[in-house]
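Per-chain numbering from 1; labels A, B, C and D assigned in written order.
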Amino acid sequence: MFKDLFRSKPKYVTVRPHKQSDRSEKKEIPGGLWIKCNKCNNILYRKDLEKSLSVCPKCGYHFVISAKERILELVDPDSFKEMDADLETADPLGFPDYLDKLSKYQEETGMKEAIITGKATILGQRLVLALIDFNFMRGSMNTVVGEKLVRAFAVATKEKMPVVVISGGGGGARMQEGVLSLMQMARTCQAVEKHNNAGLLYIAVLTQATMGGVYASFASQADIILAEPGALIGFAGPRIIEQTMKQSLPEGFQTAEYVYQHGHIDRIVARPFLKVTLAHLLAWHGR
Amino acid sequence: MFKDLFRSKPKYVTVRPHKQSDRSEKKEIPGGLWIKCNKCNNILYRKDLEKSLSVCPKCGYHFVISAKERILELVDPDSFKEMDADLETADPLGFPDYLDKLSKYQEETGMKEAIITGKATILGQRLVLALIDFNFMRGSMNTVVGEKLVRAFAVATKEKMPVVVISGGGGGARMQEGVLSLMQMARTCQAVEKHNNAGLLYIAVLTQATMGGVYASFASQADIILAEPGALIGFAGPRIIEQTMKQSLPEGFQTAEYVYQHGHIDRIVARPFLKVTLAHLLAWHGR
Amino acid sequence: MVNTAILDFEKPLVELEKRIAELKNFANERNLDLSDEIDTLQNRAEKLKREIYFNLTSWQRIQLVRHPQRPTALELIDLVFDDFFELHGDRLFGEDTALVGGVGLLNGEPVTVLAPQKGRDTKENIERNFGLPHPEGYRKAIRLMKQAEKFHRPVITLVDVVGAYPGIEAEERGQGPAIAETITVMGSLQVPTIAVITGEGGSGGALALAMGNRVLMLENAYYSVISPESASIILYKNDNYAQEAAEALKISSRDLLGMQIIDEIIPEPLGGAHKDREAMGRLLKEALERNLAILKGLSAEEIVTARYRRFEVYGKIGDPGLE
Amino acid sequence: MVNTAILDFEKPLVELEKRIAELKNFANERNLDLSDEIDTLQNRAEKLKREIYFNLTSWQRIQLVRHPQRPTALELIDLVFDDFFELHGDRLFGEDTALVGGVGLLNGEPVTVLAPQKGRDTKENIERNFGLPHPEGYRKAIRLMKQAEKFHRPVITLVDVVGAYPGIEAEERGQGPAIAETITVMGSLQVPTIAVITGEGGSGGALALAMGNRVLMLENAYYSVISPESASIILYKNDNYAQEAAEALKISSRDLLGMQIIDEIIPEPLGGAHKDREAMGRLLKEALERNLAILKGLSAEEIVTARYRRFEVYGKIGDPGLE
């Protein structure tokens, strides 16, 4: 039995929710030796921040991390086998300046697209893992992101494996591929549903930020929905809502804590607890 | 096809919702020649009121009518075949004064219990019909009401027939049979679910009043939920809520119109339209 | 302005028609024979009409489908179905009048109909929240879809919606999850589904109702991941380039037929659906009947599989739409 | 008053125990040998204890289960399950802390646990709405029940609830339909369900979570269609006759076992669950394991059929509970 693994762990994984909200959607850790926290404004030593999984040791603010950093943090060493690494978009609409923009992001991030998928183990538990990288065009969903998600769920369905998706799609569906990006909402929902019908576990971890077409499709269709503290989660962007409603937004609106209070998230899990929480849940659903 | 029947009917059955609420839960038409409307206080000629199906011609107020009157109004002449007419309660708890009370109601109403069930046709459409009579101990649900409902649904399931329930259980579950009355909520929900799993139609018509354990079981589990204008519909009684919350209730609280606005009723149907509406729906679901 | 009865690009035609009417009047009053002149002008008007309406840009079509006299969903339902019984409420929180649903008879056969509903005037638009559904609207749709499945009824959706409502309470009650759930439910329904984009097909709010085994589109309708105005704002920080964005996004029915996003274009009367409602109704009804007939022979399993396959291709290597 | 640590009927015992303690003290201080007198008193106390706790009236038992130190659901969960991972939210409107749910390990096996949760003090009681669930609580329960079904996990409910919350918003959001739906879903679930009435089993709000293949009950718990106080008010216009109503309504575990409403009484430590939590936990765990073992061999279909049959009998002619 797997429960031995958790014997020394606290019985109730407790999470300290943030009281203050934070709207800044992206702030990578820059190259320098020192870095200022987006929330508490303390100056942090870069090495310290890395050691604490990019969570501010002073205030608990969760910095955005890349898909690659997340893999290093989360999965067992050398267990990650990437799938479909070479897929690139065909720029189906021939959208102005799109290919240039893509090249720029590819150079910046070293990724071909906004998603990495693969098989891995977390504390020995097998899973298919998909990670959306907010740094690549705000993690927006295009044909490649959709296709790689669909393939990941299909592999998991075929091999009877659970899926964990770490979402972070601040841009929702990607404009530059037009209605084909929209169709990825349809495809991913259907892929999730097939996996669901096979009785398999799907856990979504909503991180900064999970908005628009990403939230309105696969990201909100999981059996269990976890979220990182302070992550922005919603359908319409805060600015659009402010413009439409002509009123200011409530304190903490669309933060993970706010969305949790409204019943849409199972649990907010601080980054240091994510690995053990996932292993926990994977073990309990493994048979 | 059945649609010919409706050719001369208006395409959208329109209903005039009441603006004013009315809390009086029971007011039978007394024996005199004249009667005062509970809502508009107009003095009505009893014969006129009967001709208008006990709906006030001045203001549309729906007087409570008995199960027997309802059968006369609703089903095709001589089509009603009553089922299980003889069932009487065994007073399972030996509850103080209960049998005396029952005798009194039996004399008053000429019914053995608060429910009548049977097979009938409405404009030629076959159905199983169950009618709860508010005048018999406020239409409260005891072992007999539960048993007759369960049998009605079972017959309908077996013979692949639709069910229409005209509810009106202002007393919810009947106290005098204790937890056995409570168990009727369980039994009726399960009977509905078996009928539902057989792909058969169940329409509930919520009339004055549908409260407590009646509303919290079979009455709210229908495929299509209709309600009569002004009917009181809810779980907790208004007085209990006022006491608990120590605040006054909103205008029109728990009226059919209010509950409709909150999404729990498909349509409010004034009494004169009920027969044709039911026939309509039965025909469309008959195959 | 978009919201006037005469659109900018129609003005030359309207002017000409006005002049013809004046000339006829003048000839009548003075008892003159100006039939030659009138004929010439009428020929010119006819030619102009074709020139204008046969060569509409995406942007002009958008203006057509936003035309205040464009038939709304309930008007189309009235034209197409023999009868319609509206059902209300999500059984959870509220009744959303911005998305109507019910059972209609299509040539005598009961079908479940779902459609966002814009108002016909300012008052009704306010009542119907400009046809922008809240989560309750989508949850009502889910409820009625499952009911359709229980009773083996096909589901027909008529989609004319700028998008799901962007509001505080809509977010609080889960606009995103409600849309995702609607996509999932309609996307795996065991009964035939036909979606018709009848006007504006705006983003996820439209897609949620467009998971059809067949997806049809009225000639002038558009279907897009983002409104051209918003695309312009994102690209150029202002909405002056909405026309260019409309072209670049490839949102017209012809573009989308080319990419096989839709299966069929339903032609509109010349000048748009509002120019001849009866004709529009006939064309829509014919298309629905024909497409439903295609699907009627399939088993529940085949219906589900066919729908999965239909949407699976978008983005696949070798997708016909991508090559 | 009910809500004090020492209940009225316990007072003679408490007095006696206090006197024994004083006497012991006195003997100690003065260095006297009073062991005979102390023994006598202790025997008397032991006898009194048995007299009191073996002959509790229904009304006294109600006071025991309303005891402020009675273990709450989360405390029982902590005592019974090796681990518990709480899951939150109804995915529709809100998170209801008055009804907790999650996955627990019962002897290493994952089960879904659902339970109304009272507070342990005034502050927590206010936070948890005195353990009175809103519709969101029941809808969370429905969600987690369906999840349990997907993953073939048994469902265990611990029921200690005065009733569903009677409030304006609860009514608006469909308290009645939410309860009905919970009854229906738990009542036809394809996985084994075990319900334990652990304290107050109040009306429909309790029944919704008590649709077990097996329904167990802690010795002092009650389960009733109406609170004795409300029954008294209805019958006599005041609540002075609550004690009599409690008897007449037959709501004690022994009455209900006699009527076969419940399948088993789980004994409590002498004086109630709060007198020895660890022992209570062991007794509860043992009962759950044993009953789960009975159900584990059944197929999904057998589970459903057995549960239908279990509830079908109440009110049938020939119901053993009625004769």
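Everything that follows uses one rule, which is that contacts are C-beta pairs under 8 Å (C-beta built on N, C-alpha and C of every residue); 3 or more make two chains touch, one makes a residue touch a chain.
Here the structure is a predicted model, which is why all the values come from computation and not from measurement.
S.K.: Please identify each chain that touches chain A as well as chain D.
M.R.: For chain A paired with chain D, the chains in contact with each are C, in label order.
S.K.: What is the chain whose Cα centroid lies farthest from the Cα centroid of chain C?
M.R.: It is D whose centre lies farthest from that of chain C.
S.K.: Report the inter-centroid distance (CA atoms only) between chain A and chain C in whole Å.
M.R.: 34
S.K.: Approximately how many whole Å separate the CA-defined centres of chain B and chain C?
M.R.: The computed centroid separation for chain B versus chain C comes out at 41 Å.
S.K.: How many angstrom lie between the centres of chain A and chain B, each centre taken as the mean Cα position?
M.R.: Taking the average C-alpha coordinate of chain A and of chain B, the gap between them is 51 Å.
S.K.: For chain C, jot down the residues that touch at least 2 other chains.
M.R.: 91-93, 173-174, 177
S.K.: Scan chain B for residues touching two or more other chains and write them down.
M.R.: Residues 262-264 of chain B touch two or more partner chains.
S.K.: Based on the touch definition given at the start, go ahead and assign the chain network to line, ring, star, complete or other.
M.R.: Other.
S.K.: Flag every residue of chain B that touches chain C in the complex, lowest number first.
M.R.: Within the complex, chain B touches chain C at residues 1, 3, 6, 11-13, 196, 199, 201, 223-224, 260-267, 280-281, 284-285, 287.
S.K.: Hey, which residues of chain C end up touching chain A in the complex?
M.R.: Listed in rising order, the residues of chain C that touch chain A are 164-168, 170-177, 179-181, 183-184, 187-188, 203-204, 207, 211, 223-226, 231, 234-235, 248-251, 256, 259, 261, 308, 311-312, 314-317, 319, 321-323.
S.K.: Using the touch rule from the top, collect the residues of chain D that touch chain A in their complex.
M.R.: Within the complex, chain D contacts chain A at residues 78, 82-96, 103, 105, 108, 110, 136, 140, 147, 150-152.
S.K.: Could you list, by residue number, the parts of chain A that touch chain C in their complex?
M.R.: Per the touch definition, chain A meets chain C at residues 87, 90, 92-93, 95-96, 142-144, 146-147, 150, 173-175, 177-187, 189-190, 192-194, 197, 212-213, 215-221, 233-237, 240-241, 244-245, 247, 249-250, 253-254, 262-264.
S.K.: Given the complex with chain D, which residues does chain C contribute to the contact?
M.R.: 91-93, 139, 173-174, 177
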